[in-house]
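See the structures that follow.
Look for chain A in each of the two complexes below; its partner is chain B in the first and chain C in the second.
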Partner chain A sequence: MRKIDFISSSTPLFLVMVLFILAIASWLFAGTALNRAMIELLVRVVLVVSIYIFVGNSGIVSFGHVGFMAIGAYAMAWQTMLPLLKKNAMPGLPEFLLTGNLPFPIALLFSAMLAGLVGLLLGTVILRLPSIAASICTFAFLMIVHSVYSNWGSVTGGTSSIVGIPTKVNLWVAFSGAAICVIMAGLYQLTRYGLALKCTREEEIAARAAGIDIFRQRLIAFVLSATLMGFGGALYAAFLGAIYIDAFYLSQTTMLLAMLVVGGMSSLTGAVGGVVVISLLTYVLRGLERGVQLGPQTIALPSGTQEVVLGVVMIVALVSSRSGIFGTRELGEIANRFRARGAIWARFQPSND
Partner chain B sequence: MTRLPMFSLLSIALAAQPALADDSSITIGFAIAKSGWMQPYDYASRTAEMAIEDLNNKGGLLGKQLRIVSSDTKTDPAEGVRAATDVIDQGADLVVVSCDYDQGAPAALAAVSAGKLAFSLCAGDPKMGIEGVGRQAFTTSHAAQTQGAVMADWGFAKKGFRNAYVLLDDSIEFTTSACQGFEYRWGQLEATSIVGRDSFKNSDASISSQITRLKSLNPAPDAIMLCTYPPGGASAVRQLRAAGIETPVLMTMGMDGSYWLPAVPNLSNAFLPAIGLASGPDPDKKINDLIERYKKAYGEPPATAFVFYGYALVELWARAVERAQTTETEAVFAELEKMRDEDTAIGPMSFSDQLHIQNKGRYLIIGIEKGKSEPLGYWNSPEIPKDVIFKQ
Partner chain C sequence: MMGYFSQTVIDALSWGGLYALAALGIGLLYGVLRVINFAHGDFITVGAFSLIVPSTQATAQLALGALPAPLLIIGTLLVVTLVALLSDLLVFRPLRGATPSTIMIASFALGYVIQNIVLLLYSSRPKAVDLWPELNEAFGFAGLRIPQLQIWTVTVAALLMVALTVFLKASSYGIEMRAASEDLRMARLLGVRANRVIALAVALSGALAGAVSLIIATQSGVVSYQMGGPVMLFAFIGTIIGGMGSLVGSALGGFAVGFSSVILQAYLPDDIRPFRDAILFALVILILVIRPQGLILVKTMRERV
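On to the complex of A and B.
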């Protein structure tokens, strides 16, 4: 028993360490471009881990989480942009937002809370449904957010870009955000709520028979996950400095879900690993698209190769290991295997295959 | 499970890319769309490259050769930020961004916050300047209002129009601004009136109810100001003519280019302003030479007159650098703000500490007669005050 405790609680710490090593490496050696890529990677860790908290633990695929990201991102813009810019871009904001200006940490908190609140309202309505229906409802939610935000011009700037959000997210802010998110996800998994939700993922009827209130467990995870997603959206906005509603739609959803699925939908290590693998791959491919100096010649891949290769890699990754690169394994277990080398490894592994 | 350490090694290896900045050259970075729907609009970068080539042939700028670096925004504003950072990393002294506010602003913002000058190829929105992005952001384009205003002026003086009807496609900011400019100028001209106003959306399949209202107007208008763009614009013109309305139609530069003309066979009595006649031959020798050169280099004439902005962009910036004797951002933008009626390939251009977009300009009026575009001579748009441009 003690061994399992060590495994589960050490995973988030190991993951934070890996991210820390990446961040330090980028801070010490990288130029601005790679540094930006690293910040983006860390922000994506926040987003994908947030999705994982609900999707990974409950087994219900949510297509709507990017909606919470949009809510968080726009909330960030409402709170931190200069009043002068706000008056130009979003004149319909209520007076206290239009004239006021909140400091970055408080704005982050409020953005996350707003997304969490919307998550609570939405979750109460849709999480009683069977999982596939709930899945479709989350998609409907994404469509609602998209069309409200793209048409409510006076408050969201409509389909125009909102430019001029103070860019407060540097490498360490992004790292702290990712660390908080990974640790919260890790802790949540350890609580009885997390374990109960995992039970419902594996076998709904048995879970109910064991006295688990499925709706309640799902709702807890959904709200936590929506809150962190809003937090991630706010970080994203404060990283880019510019947002527009089409950035929070299908391609973003697909990208984030693909990272989760390729890494392994049912493990925290999978969520973080998926982001790291795909982000680094994208970065390398983008570099190749720009061209590599080989002697006197520059060799460049044609524009668009990045998307194609990325697609192929995802297919290959999933064909070779069906539940993602990490499957249901956690980093803590892997580390433990090194510790107890030679010991027979036998532990029940639930999987989504 | 040796994957993760390998990735950290990989990232360190990638970090060891050489920095490319060196002092013997000046670098112009293009953070523009080279794929996606924005790409053809950003062909203005092609004439910018021609201008850079010309400068290099004359011995460069401040005795240094100009070097071009570029990065693809993939028609994605978020990628735009990355593209801008990318070209700055490669040593760009000037960052040229996409031909549209929404697409170009994030990249411009990234450039400005890195302390560089951002110059949009042809964003027609005044927000691509002090108010939207910052003092270091400029756009070569003319404010959309000048297009409506120049048609008002020209129609009044050359054609004797007095009673106008305004038909506005209010689906984008550009057309709304153009019609606003028309009404502003029309109101200043003597004995003119607007006999009716109506609006539609570019995606509307039919404008028959607008046409019915137009037909019942008394007095009938002697000109229709139609602010729109293809494909909805072509459909609107076709419906007007099919309904037997032969009233002259005044349009905006959004309708520039001959590609939509086959949709309205034998269209006559339609007029629009443009920077030049893209399909050639243009009455202005400088623009005509540019068209010939473009044809030779790319095997086709420019699709629209927007491409000419690129050449003017480099001309203006290079002149500011020459006057400042440095590429330092502060000095260059101070010189840019001093520019009044600066002669460029596409007519005189100005900036001020209030406006980083053109609030007046020289347009070639293009007449469409029997389905063919023909140049009717240059006409200057009146100056539009700042409060009209910002709709305050």
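On to the complex of A and C.
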């Protein structure tokens, strides 16, 4: 029993180590472009792991998490941009935001809290529904956020971009964010709340019979997940320095879901692995869309190929192995299984004495 | 004032009919297959784009749209039906028996793929399609000016619904389909051929999407690669309100959503009108809190132990 505890609790540490090695490698060897890609990857780890906390553990798909990301990102812009820029782009902000200018870490915290609060409100309402209806309502939430933020011009700049968010996210800030997120997700899975929620995912009726308050467990995960999603969105804004509402819509949702699905929806290892695999894929495809020098002429894929390939990869991943590369398994368990297999094998070896 | 009201009601009726058709397409697939089809909106997009020749120009050249009306209608419905059947073959059939979440994500990805293929072929520019312009001419009636198309929309929607009801109640295929939507396993044991019924449901759902795309293309005169999304979402919300899995419920729910969206559009104060969709969705979520099982409860939808 103690051994299992050790192994499942070491999974997030393994994952953080892998990310650390990737970050170090990129810090030592990569040029600026690759370095930026690495930061983007780490921010995506934050986002996908946040989605995983709810979707992976509850088994309910959310198409609306990018809405929380948008809320976090815009909150970051509201808090950290120079007052002069804010007065220009978003004159409708309340006085304390217009004149003030908060330091980055505090702004991160508030952004996450705002998203969490919205998550609490939304979750209280929709998580009482059957899971399929709840999924569709999350999609409606995404559309609500998109429609409100693109029409509320005085506060969000409407559909045009907001430029001039101080870029505070470097490689190590992004890595710390990803590490915090992975560890929180890992710890959550080990709490009774995480275990109870996983139980409802596997067998809703049995879970209810065992006295689990399904609504409450789902809500806890949803709020935690929304909070971290807001945190990720804020990091994203402070990494790019410029945001626009269309960046928080279907393409972003598809990208993040693809990352979650390809690695395996129900495993933290899968979530992180999926981010790495899909990031690599899109990096290559983006390069191919820009064009490759082949002898005298450049060959380029038509733009839009990236999206089509991403969708197809997602479908193929779902059809070929319904639960993704990792299924419900975690890195620790896989290592453990190999060890166990070795031990059994050793027992059958002829002994020499 | 009275005139504005009646005009709004007629408008609301026609949009209600449109969303009822879209919701029926979604409800049919969910009822028989338990497939939440997030690609339904993109089926609608495909139908509208089949009217024009693939190109990146802003002024569109008509492809199917150049045919005489009967051929045009049959052609469009056929294209969408084929896309739907192909989707079933490549995506939904391999996933039969998978969890609803998996199917939902797969259909979401499918919609994304279709949308971006349309984008690749036609570019992201919205294109003007001048299909049956004479239908947008208004004719006067008792002091109201009603575009003919709205009357057509209501009539077509009503006719299709009657036809579908007759088909489902009276024909043997329809009865098999209803049996399958009640309980697929039991129906199979009683000799209903599952794959045939499923293919039929998929084809019908595709044809309904085709009809919706024709109506929208005529009404707005513009097609864009993202046009299907909002229609689909409204329709989805309609099927949820109607109690998922009930066909009558889907149609009613879709109608209610379309109807109220027009009423809201007409009577909301100017400064909050842009937030119409947000308000509508909020209303819907409120309804669901009061009646989580939807307006019409389908007995078999409750999970059995």
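One rule holds for everything that comes next: the second predicted complex is superposed on the first by the 303 of 353 C-alpha atoms of A that agree within 3 Å, B and C clash if a C-alpha of one lies under 4 Å from a C-alpha of the other, contacts with A are read in each partner's own complex, and residues count from 1 in each chain.
In this text, contacts are C-beta pairs under 8 Å (C-beta built on N, C-alpha and C of every residue); 3 or more make two chains touch, one makes a residue touch a chain.
Bear in mind the structure is a predicted one, so any value in this text is a computation, not a measurement.
In the superposition on chain A, A:L34 makes contact with chain B only, not with chain C.
When the two complexes are overlaid on their common chain A, residue A:R290 makes contact with chain B while staying clear of chain C. In the superposition on chain A, contact of A:A25 is made with chain B only, not with chain C.
Of the two partner chains placed by superposition, only chain C is touched by A:A258; chain B is not.
When the two structures are aligned on the shared chain, A:G311 is found in touch with chain C, with no touch to chain B.
Residues 304 of chain A contact both chain B in one complex and chain C in the other.
Residues of chain A touching chain B in their complex: 18, 21-22, 25-26, 29-34, 36, 38, 84-85, 88-89, 159-161, 163-164, 167, 240-242, 244, 247, 273, 276-277, 280, 283-284, 287, 289-290, 303-304, 325, 334.
Per the touch definition, chain C reaches chain A in the complex via residues 36, 38, 90-91, 94-95, 98-102, 104-106, 108-110, 112-113, 116-117, 119-120, 229-230, 233, 236-237, 240, 244, 274-275, 277-278, 281-282, 284-285, 288-289, 292-293, 303, 305. Of all the residues in chain B, the ones that touch chain A in their complex are 1, 3-4, 7-8, 10-12, 14-17, 19, 34-35, 71-72, 74, 76-78, 81-82, 85-86, 88-89, 101-103, 105-106, 108-110, 113, 127, 131-133, 173. For chain A in complex with chain C, the residues that touch the partner chain are 55, 59-61, 63, 125-126, 128-133, 135-137, 139-141, 143-144, 147-148, 151-152, 204-205, 250, 254, 257-258, 261, 265, 302, 304-305, 307-308, 310-312, 314-315, 318-319, 322.
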